[in-house]
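Two complexes, one shared chain (chain A), two partners (chain B, chain C).
Here is the complex of A and B:
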């Protein structure tokens, strides 16, 4: 009996001991253990397969070139990545241990800071005229900075602001339409809105494009000295807004009754509104100066020609622009 | 297998200790921490799609005549740049998808940055020791706006030309140097010389992306070196950060987000048309169109330009400050200047120079929250005014009356927002105190009555 008990006890000790020893031998994990979840695993497999299927569709779509190609191609790639995203999120939330780790925020090391400062200070202990050296070094740095930047001047005609005043308009230059055909005064109708360019000049130049409109000559109230600028009530203005350089492309009759009962030229960018009847003065909007007016004349064959240059610089203003550039 | 791979790498690079740390880097859990990642992944998509586009785009101002499959442009004279964009959109297989993705990604990129900035601001995450990270983020935002502007300017369609004309006017308007600077940038008077386009292109595809990429690297390095901030919570202190490690917890989430962002951009690029340049036609200085709107992230600037009263001081026959300077230069400088100065301003006002690893909830700093919301409402109102012409078209409200109303509202509403936000924050704070008090009292009462039962 006692022998049996001894056997049992020793067997239990052995078993327990072996178990403990076995557990001790297992290496310690870094990452927390997690329960296997075969169904979630299957879901991930399924989502990945869907992603692969849509990705595999891309070369097929490319080869078949179906109608609405861009839409189909984008949808296929988009869905493939959407399923990939879903697979990663399911894997991340179901198959991976949900650990919360702690970590210390970094602390500053005053010893290292002191050492760095010391290295710098001790390295410069041989200098006796630190202030002088500092100023000279700053001067050299500044001079070198200017030296390095000097080649940048070649990028453009920096100092030639003169050219901002230039326009291709001269007395006698004919007005032509988009197709290069001369514009006959008789063809310009009231309430019509025409774009004109200088004959034989670069259309792209900021000073080139004009708006041409016709008003009843009795409605005109042009500034003094411009009495003969609008033959038959036909007026020409630079098409480039003096606010921000967009093209004036709206002609409104009227724009907004209480404020602007008259026809007005409007820029669609920031709604600067100009009054053609008074020589392009600003009715509304952010523009700070009138639309430049071009004096016109009608030649013997009835076509419109410039009678001179604009009354002021065209296009957006710049610092120091002269309001009335002599023509 | 894994062990062998790690050994091979470590023996040749010595990176195992670093990798071990990186794999167990702790990410505090909060959805709003992912906004910056969305921006990062959009940037990756931008670079990838942008590289593809460079293989087809030709930044040339050479005049050509269109003879392609798109009938309405048949025989139209245009720049080679615009022609190549139309070609890559309509003739290159997958070209349109990639171009639209690129454009959408730019929009999503800036949205993500702005939302990320708002999160950082309203939680006080910019405070010591993370001011540098914040300044770098703001710099990237500014560069991204410029990058986006250059991107849609390159296409040389009608809208991009109008945008460039406005940019030229804004450059001209800078006091003292405006005229010279504009001539330098455009190599002459607008629309500039043939060199302007390649220069703009190099800036868009090389200088700015590299600058943004380098700043992203610095930004991430600083985030990792100072560690993430964290919201208040049990066991969370200024000294210890608690959260999910990169591996295994954070990596699949983050990669899932990356795939999600890419998926969204493919779907948008494929299914939602954006900037159909062939409809706009080529640009000429004498052309413009009504109802033009820039990409959303420049809407606040067009609003600023439109909202400005016609102030353009001149004397003795000379103009001094051209009007676009106010809306196009002063306004963005004030906005970015305020954002850059905010950490300093707040430090001065509160006298708080301590380290802050624990985030504020917006109510915890009522004045910051009130100021922030007032500031945001100010910018958003100007942004809304940028689309006042659309409001006129769709709702029949007079543009002129809207302008006069906005002149008042942009100054009044932010003040109201400030006052209301302050009250709400203080109210929430008080309620929290009362609730805590009540809970404590109830707990005490329970403790007092417990022995009786």
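Here is the complex of A and C:
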């Protein structure tokens, strides 16, 4: 009962004091007051609600069937963000006041410039042998430049090119396919295209992978000294292009020679084209030297074996390959 | 009368300007047995370049039908699988033997193709028509094999490309059987792969992969040539960037002097 009385008294006091609050003096405003724009406010509220609705749609769509509605998910999230930005744009342009301020450059003073020039001039009076100092500074700069450029030599072997001749291939090493199975000479068909590796050696080495093709022995025109490198017309070349080191993975071989291009090994990177019949000479493209050929032999059981190592450096043409003989 | 005259004058001009396509059909096709139909179609459409008994025209070009310089490989031992491939892809008949065979409208109807395949197949045993079972293949294994043996020329998405001097066809329209045939035949300058290089089971996987590549799932909605995330990113940046610049122009205000 007493609580009810307290309530009533408070209500009466509140009612009596209504509107009689002593008016505080408005402080001076920094930003000029803008007229209220209830319609713009409503528009912002509406856009924000739309954004919220589409955002809420994302988890709902995701729950329905995750893998199939990727585009719908993206569209929902995108629309939500689009409405959010629209709300911000409307609020920014209609509800938030803006003003333009301009500040002029200070006028330049010729006196100050002269002072700066004088300071610079007078500060260098301690240097009496300017020429000497200048040349030494230039020398230091040049030496530092050379020092910075030195790592560029590591872009390719220059001084030690031995590694470009060291391959796993030795006389008698068997050729195997990607499953490690020896390649029988009888299984290598004309018009076929095969990749081979050295048996029991690291396939990741630059010198390991080979391309093997078979041509009619009568079509071969190998360079002097390579007459016995292609038993039964089977030729093996390094699979690494001599231009930039990509894998030779294209082989064109005509079905009907008279009207179709001659057989060629082609690198997919820059279309360096090599002629297998003439020992890998360059027919076309940026490669600067022939594809290294590996001499082959057929053992008693009919499997292909290397008859030696490459006689040229394998892999792309580093400076060291062009400039130097093997060390 | 004048119309007929006009037509008579105009006909040779248009004939020489047009590509020489078209086939010769026996008039009484329906009445012929399959073997006789095959023989007549072969004589009319194939024999100038491939020889009257499939011996080919090799060496010096001969005078062929029309005014073409006839030249063509022998078909003995080509086998039904090879003939079926060349006819159903529209690679043959070729208007000019120096042209590169390419996928085009198939001119023979179903019965004619069967008759020709049987007739040329009778020249000597060769590749039978393969029956690949892509359902038995594994797409992931197919991707590995395709990358190793085919992607160098055809691109890993089977979209085709180039080898020096030669266009490599896309595989978008190749049927399962045609993929298997091409692997075994090596049409035009493609190498051929025997069942020792690619087994029949591996071929099933390759066919399954090519079929998967023919119908890629574009989760983003737009594949942009299927050549990877770099062009996708470039397109996204270009479109998004232009949109942002436009938006800035719309919401910005020009300073009034």
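As a convention for this text, the second predicted complex is superposed on the first by the 190 of 327 C-alpha atoms of A that agree within 3 Å, B and C clash if a C-alpha of one lies under 4 Å from a C-alpha of the other, contacts with A are read in each partner's own complex, and residues count from 1 in each chain.
In this section, a contact is a pair of C-beta atoms (placed from the backbone, for glycine too) under 8 Å apart; a residue touches a chain by one contact, two chains touch by 3 or more.
Keep in mind the model is a prediction, meaning the values are calculated, not measured.
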{"item": "Touched partner set for A:57, first chain B, second chain C, both or neither", "value": "neither"}
{"item": "First, second, both or neither for A:252, with chain B first and chain C second", "value": "second"}
{"item": "Partner chain(s) touched by A:292 [first = chain B, second = chain C, both, neither]", "value": "neither"}
{"item": "Which of chain B and chain C A:279 touches, first, second, both or neither", "value": "neither"}
{"item": "Chain B versus chain C as contact partner of A:264, first or second or both or neither", "value": "second"}
{"item": "Partner chain in contact with A:193 - chain B first, chain C second, else both or neither", "value": "second"}
{"item": "Chain C versus chain B, contacts on chain A by residue", "value": "B"}
{"item": "Chain B versus chain C as contact partner of A:65, first or second or both or neither", "value": "first"}
{"item": "Which of chain B and chain C A:318 touches, first, second, both or neither", "value": "first"}
{"item": "Shared chain A contacts, counted only where both chain B and chain C touch the same residue", "value": "70-71, 89, 92-93, 98, 100, 195, 249-250, 256, 259, 268, 271, 284-285"}
{"item": "Interfacial residue positions of chain A with respect to chain C in the complex", "value": "70-71, 89, 92-93, 98, 100, 178, 187, 189, 191-195, 249-256, 258-261, 264, 266, 268, 271, 273, 283-285"}
{"item": "Complex contacts: residues of chain C adjacent to chain A", "value": "58-59, 71-73, 97-98, 148-149, 151-153, 162-166, 186-194, 196-197, 219-221, 251, 253, 255-256"}
{"item": "Footprint of chain A on chain B - complex, ascending", "value": "24-26, 93-94, 96-97, 100-101, 162, 165-166, 168-170, 172-180, 182-191, 193, 199, 225-227, 235, 238-245, 247-249, 251-253, 255-260, 262-271, 284-292, 302, 305-306, 308-312, 314, 317-324, 327-328, 357, 389, 398-400"}
{"item": "In the complex with chain B, residue positions of chain A that touch it", "value": "30-31, 62, 65, 69-75, 77-82, 84-89, 91-93, 96-106, 152-153, 155-161, 163-164, 166, 195, 197, 203-206, 208-209, 239-240, 243-250, 256, 259, 267-272, 282, 284-289, 315-324"}
